[in-house]
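Some structures are shown below for you to check.
In the two complexes that follow, chain A is the common piece, with chain B as its partner first and chain C second.
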Partner chain A sequence: MPDTVIDTYQEQMQELQGSLPGWDGARSNALDRLRTIGLPTTRGEDWRYSDIKAIRNTAFGLMKTPARNPQVPEALCDVAARLVFINGRYHEGLSDLGDLWQAASVRPLANHLMANAERVSEMRQGGDGINLLNTALMRDGFVISIPAGIEIDDPIEIVHLTSDADSTSAHIRHLVEMGEGASATVLERFVGDDTAYWSNSMLQARITEGATLNHVRLQEEGANATHTATAMVSVGAGGNYHATNISLGGSLARFEARVRLLVDEANATVDGVALAGTGESHDMLVHIDHRMPNTTSDQIFRTVADARGKSSFQGKVTVATDAQHVNADQSFKALLLDRTAEANAKPELEIFADDVKCSHGATVGELDEKAMFYLTSRGIDPTTARQMLVEAFTDDAFDRTGNDTLADGIRARVADWMLNHTGGSND
Partner chain B sequence: MAGTQETHDQVAEITGDYKYGFVTDVDMEMAPKGLSEDIVRFISAKKEEPEWLLDWRLKAYRAWLKMEEPDWAKVNYPKIDYDDIYYYAAPKSQDKPKSLDEVDPELLRTYEKLGIPLAEQEVLAGVEGARKVAVDAVFDSVSVATTFREELKKAGVIFMSISEAVHEYPELVQKYLGTVVPQRDNYFAALNCAVFSDGTFVYIPKGVRCPMELSTYFRINAENTGQFERTLIVADEGSYVSYLEGCTAPMRDENQLHAAVVELVALDDAEIKYSTVQNWYPGDKDGKGGIYNFVTKRALCKGKNSKVSWTQVETGSAVTWKYPSCVLAGENSVGEFYSVAVTNNLQQADTGTKMIHMAPGTRSTIISKGISAGRSQNSYRGLVKVLSGAENVRNYTQCDSLLVSSESGAHTVPYIEVKNPTAQIEHEATTSKISEDQLFYCRARGLDEEEAVAMIVNGFCKEVMQHLPMEFAVEAQKLLGISLEGSVG
Partner chain C sequence: MLTVKDLHVAVDDKEIIKGLSLEIKPGEVHAIMGLNGAGKSTLANTIAGRDDYELTSGSIEFEGKDLMELEPHERVGEGLFLGFQYPVEIPGVSNLNFMRTALNGVRKYRGEDEVSAAEFMKLVRAKASELKMDPDMLKRFVNVGFSGGEKKRNEMVQMAVLDPKLAVLDETDSGLDIDALKVVADGINAQRRDDTAILLITHYQRLLNYVQPDVVHVMIDGKIVKTGGPELAAELEEKGYAEVA
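What follows is the complex of A and B.
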């Protein structure tokens, strides 16, 4: 990446000095490292299916508060609390913590770091260029800490809104801590207008013994947006991490989930649906690292791509030496709706223990003509038929959101998407 | 259990050691160590090559100088000093043996030890009805003997060493050499293009079904040498050939480099079946010595309805880096890849295939079986790619890994890249260990653990083994048992 771009980020970093207590050192280290390694290119394995040339060669400005607050989308289900971020900054007035504060600790990142200077070291500071820039330029985020034994039924919703943000970027970091036996659902939503912005977020979660975190992401960024997001998760004994990523918006969208199963019986399920509209590129990368025996994981991914759309998936499962009795499954299916659509998959297994059961399956194809014929011969018009088939195709991946109303809300979103993307150029 | 007993005897006979680890004492003629333009010129001059071939080599050499050794494979080995290798080693003998009688008897004894029936009469004197196999034997850098030439010639089949073919059929060689694996293809292929010493050339004319199986036997003998052979097989319209390849090397403490290139071209309605049993010296129990096997094998299914089928059994080499591939450029052409890779002790194998679907109606099948024992690392790496103009492509891929020891690793890295919606791509992979239930079942019926494992492993590989020609299948099955010797318990 050009030096001028780094220099611009250097200036932005200086502007942010002191904004997060104890974080300035991490910022400048990250930027130094970025200067050496640069932002990822398609030559690197992890980014081979996402070409972020546009980001690499231009310096994005720091996102500014818009003149007018954008419309906050309606909740998809009852929520325990709603945290609203506008152009990368927490907006207290639009947020509603409900009764959540009585049961759990929920506070902005700056307050957390102010009160717990020693916790800085627990925050991820390294990683690839995208992660480094998040470290160098992060300004806001939330820390959600659910105490031992507490179960929060309704999702905690975090809404990220972006508007009037041409050529600017926001770098957000959330931390989620699940005490022993605690359970909660964190629903992250991303909504934006048509300006060409870049949203780069990271969520770090620590799931301790017996705790469960449902992490649902509904990504509906604007049509010209670039969306990069990373989830860094560690799971303790008997803990569960369930992620469901729904990728609907943006011109280039990428979600990376890196999950470490650190103690016996830790479990992770990472599911996802990506609907790549005209000319869009959606990329999902999952790495599940089975460090200990008796850990389990499962992944279900379904992607659909329309004209010039590209859906990509890299799913890696590693099993460490002596991590016996590991079960790991993975299923990836891609549907291509148009002649110019593209699907890429790289389901990878890296196994160093012998008493394991690991498998993956991957398929790529188009809608089943017979099924289409069957439906249309029963009087269903082709558009509806196609919509039904795509819904059925993606449905497997919504089963583990942990909330039926939420799952239905997501299904409705997928159905809406299908109304606008029926593999048009073929008809 | 005659078969098992036989395997067992064989294992006992050689007590798990590498059977082919002897050295043959023959006078060698060698070029000085190291690589330079002069060496390339030397090799070319030694072979009295035409100007175009020298230029072709030099172009490759210059490209190689600018290239970097690939590091993406899951293999680790100390840096190779390319200046510490002999690039040309030839047994000193008459200029060109006119018949087998003129070949150094020491060499013939080597092949006899290896069980290669070089002398035609041996085959003819064999069991009545036994299948004939024509053999081209490559000893270090040069082809020493090609059998059954006359009979093949009658059918119009050209089967000879590539250096002879350069002289006898220059227009054919020039037309196809480097068309499938060009000089700049990759680091090891470029090196091979610059210094390839010998190899096999096969041409099957239009409509001819090759009357016998063709076979090349490669042997590295000299110390500190690299072997860089090049195979080129062209199957003209409507022809068929089955080609077998085997390889061995002596046991030595230092590592030796083997960087071969195999190019296959199948024209309209032609079919090539290429089978390999790779048994280079794998190094000892502590990973000392062994062959570095960096091979580029690629087939171009150029014509419509053409078919190429790769079958490989990989048991040898310290490091294997090998991806026999098919470029499916002809309409309705078919690519197949059947592979068994066994690694034991400290062996590392990174192998797989690429199926590039360029034309409509093309189909491919990939069946890969990896078995890891000892402290070895075994990776499948593959690519299935469908280009946008290729309608109605089908692919089925299955890669299974079997772990025999708790210290070994099994890895699967498949890439699927599809740019046409009419493609139907299926991929399945599993990794597991030998099931306790199966072991218990076998043992309850009186098999000892080693026999039981050999039986289960053979069952695991059956889908691949059945694609090997008869003679090879028997040998390969034995090899599996031998390779896994000492890995159980």
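What follows is the complex of A and C.
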């Protein structure tokens, strides 16, 4: 990583001094560390499938507010609240907190840190170069805190819109805290125009005893965007974290979920669908850390790649010594629509306990020509037939979004994607 | 309705059909009988438009249209139906969604409105009931976990829903017990009308006891070697292919 790039980020960091209460020290520590370790390269195991050379060698500017507000996409279902971020900044006018503020605490990160200076220490400050840059250049985010026993039925939607943002980056941090027995769905959406921007977000979640968080991510960044995102999640006794990551946009997209199952009976499901269009790279890395006995996890990933598209999955499961009776399953299936498409699957199981059940499976294949002929021989046109087969292929990854209307809305997005990506050489 | 003239078809550069001609008129049921490897399934798949079957010469016309100019789904829109020897399993696609999409595909091709959900359910339930199909099977994934007989019955329900002008049924009788065979035969007979035609492709005479053909052809090594009335099927059964041909 060239010094000039780091120096530019140093200047940006100085510009941000004082913008988040109590955070300045974390910023400069992170930047010092970044100067040492640099941004990730494909030589490191975790980033072997995502080549971010372009980002490593170029200093991105701080994202600026666009001259005109972009169109906010329609909601996919009824929502409890809608938080809108434009070019990395919270936009109060376009947001709608609904009645959520009555049941839960929902506020911008700056307000949270102002009121709770001591909680800075709970915010993640380390990690890889991508996380460090998030720490160093973070400007905005939301803190959603659901009190014990409160169940929020409709999703809390966070829309990240990016527009007119060439060569600039936004580093957002959200915190989600689930009180005992609370439940909620957080729907993160990412939408952008065709400028070459970089969106680097992080969501930290703490799920306490018996609480459930559904975390749904619908990533529809612009065609030239780079999208990097990290979820850092800890789950307490009997708590549940259900993540569904749908990766449709961007030229390079990567989502990393690190989940620690800290107490007995904690459960995590991390599912995902990635549709890699022509020349795109979509990468998902999951690490589920079973620290204690009787914890369970399941991962279902389905990816589809068109010409020169690349989909990658790394699923790591660790089971600590004495974490007996752990159940951990993992299923990855990739569909290649073209001969030049690529799929990578890397299951990693590190098991230090002896009485556990862990399974993993991975398959890579093409659209079934026999099924295609069968469908078309019943009067279904080839485009619709491909859509049906891809939908069927991806379908079981949508079962745990916790909201049927939302799941159907996402399915429709997948079908739309198929209209434009039918795998030319299979015609 | 269907006119096949001097058809030559190759699969992987190997000629399978070697000059076959056939004329089927509305209201007729034809049976093509032949041993394994005679090219019967190749003929059925070529008519339906499977793309790894290469027509090297000759022509297939369906109601005056050159079938080779049409994609498989367009042929269905024109009124063609292929009953598969080995119906394909499609995990993740429900039978109902499959049939409704198929019917709407055909309607769209013909410039008709899509069928409403209620209308479709009424139609498909009626057809399933006529063919004694368990309604639960409509909700299951297409052919997944179906027995051989259930798969063939499912083919008949699809045929009834699409109501084709010409049904080409490839070994629809294979692998069926006698009860299933009767159900399939009933399905075929129900599709038999003055304005429709049926081409049965079969190895054995068995099905023809329940579906009386008007014309029987004997196919050997890519050609029709003999054509006659229903008595030809009985003769084949009695004397075998070698002697009759």
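We adopt the following convention: the second predicted complex is superposed on the first by the 425 of 427 C-alpha atoms of A that agree within 3 Å, B and C clash if a C-alpha of one lies under 4 Å from a C-alpha of the other, contacts with A are read in each partner's own complex, and residues count from 1 in each chain.
By our rule, a contact is a pair of C-beta atoms (placed from the backbone, for glycine too) under 8 Å apart; a residue touches a chain by one contact, two chains touch by 3 or more.
This structure is a prediction, so every number in the text was calculated from the model and none was measured.
Using the contact criterion defined above for the overlaid structures, shared-chain residue A:Phe393 touches chain C, although it does not reach chain B. When the shared chain is aligned, no partner comes close enough to touch A:Glu256: not chain B, not chain C.
When the shared chain is aligned, chain C comes close enough to touch A:Thr384, but chain B does not.
For chain A, the partner touching the most residues, choosing from chain B and chain C, is B. Residue contacts after overlaying the shared chain place A:Asp140 against neither chain B nor chain C. In the superposed model, A:Asp289 lies in contact with neither chain B nor chain C. Look at A:Asp271: by the touch rule set out above, it reaches neither chain B nor chain C.
Of the two partner chains placed around the shared chain by superposition, chain B is the only one that A:Ala345 touches, whereas chain C remains out of contact. In the superposition on chain A, contact is made by A:Thr321 with chain B only, not with chain C.
On chain A, the surface touched by chain B in one complex and the surface touched by chain C in the other have no residue in common. Residue ranges on chain B touching chain A, taken from their complex, read 72, 386, 388, 401, 403-433. Contact residues on chain A toward chain C in their complex (touch as defined above): 368, 370-371, 373-382, 384-385, 388-389, 391-393, 395-396. Within the complex formed with chain B, the residues of chain A that make contact are 45, 321-322, 324, 334, 336-366, 423.
By the touch rule above, chain C contacts chain A in their complex via residues 48-51, 71-73, 76-77, 82, 84, 87-88, 90-93, 97-99, 101-103, 105-106, 109, 158, 162.
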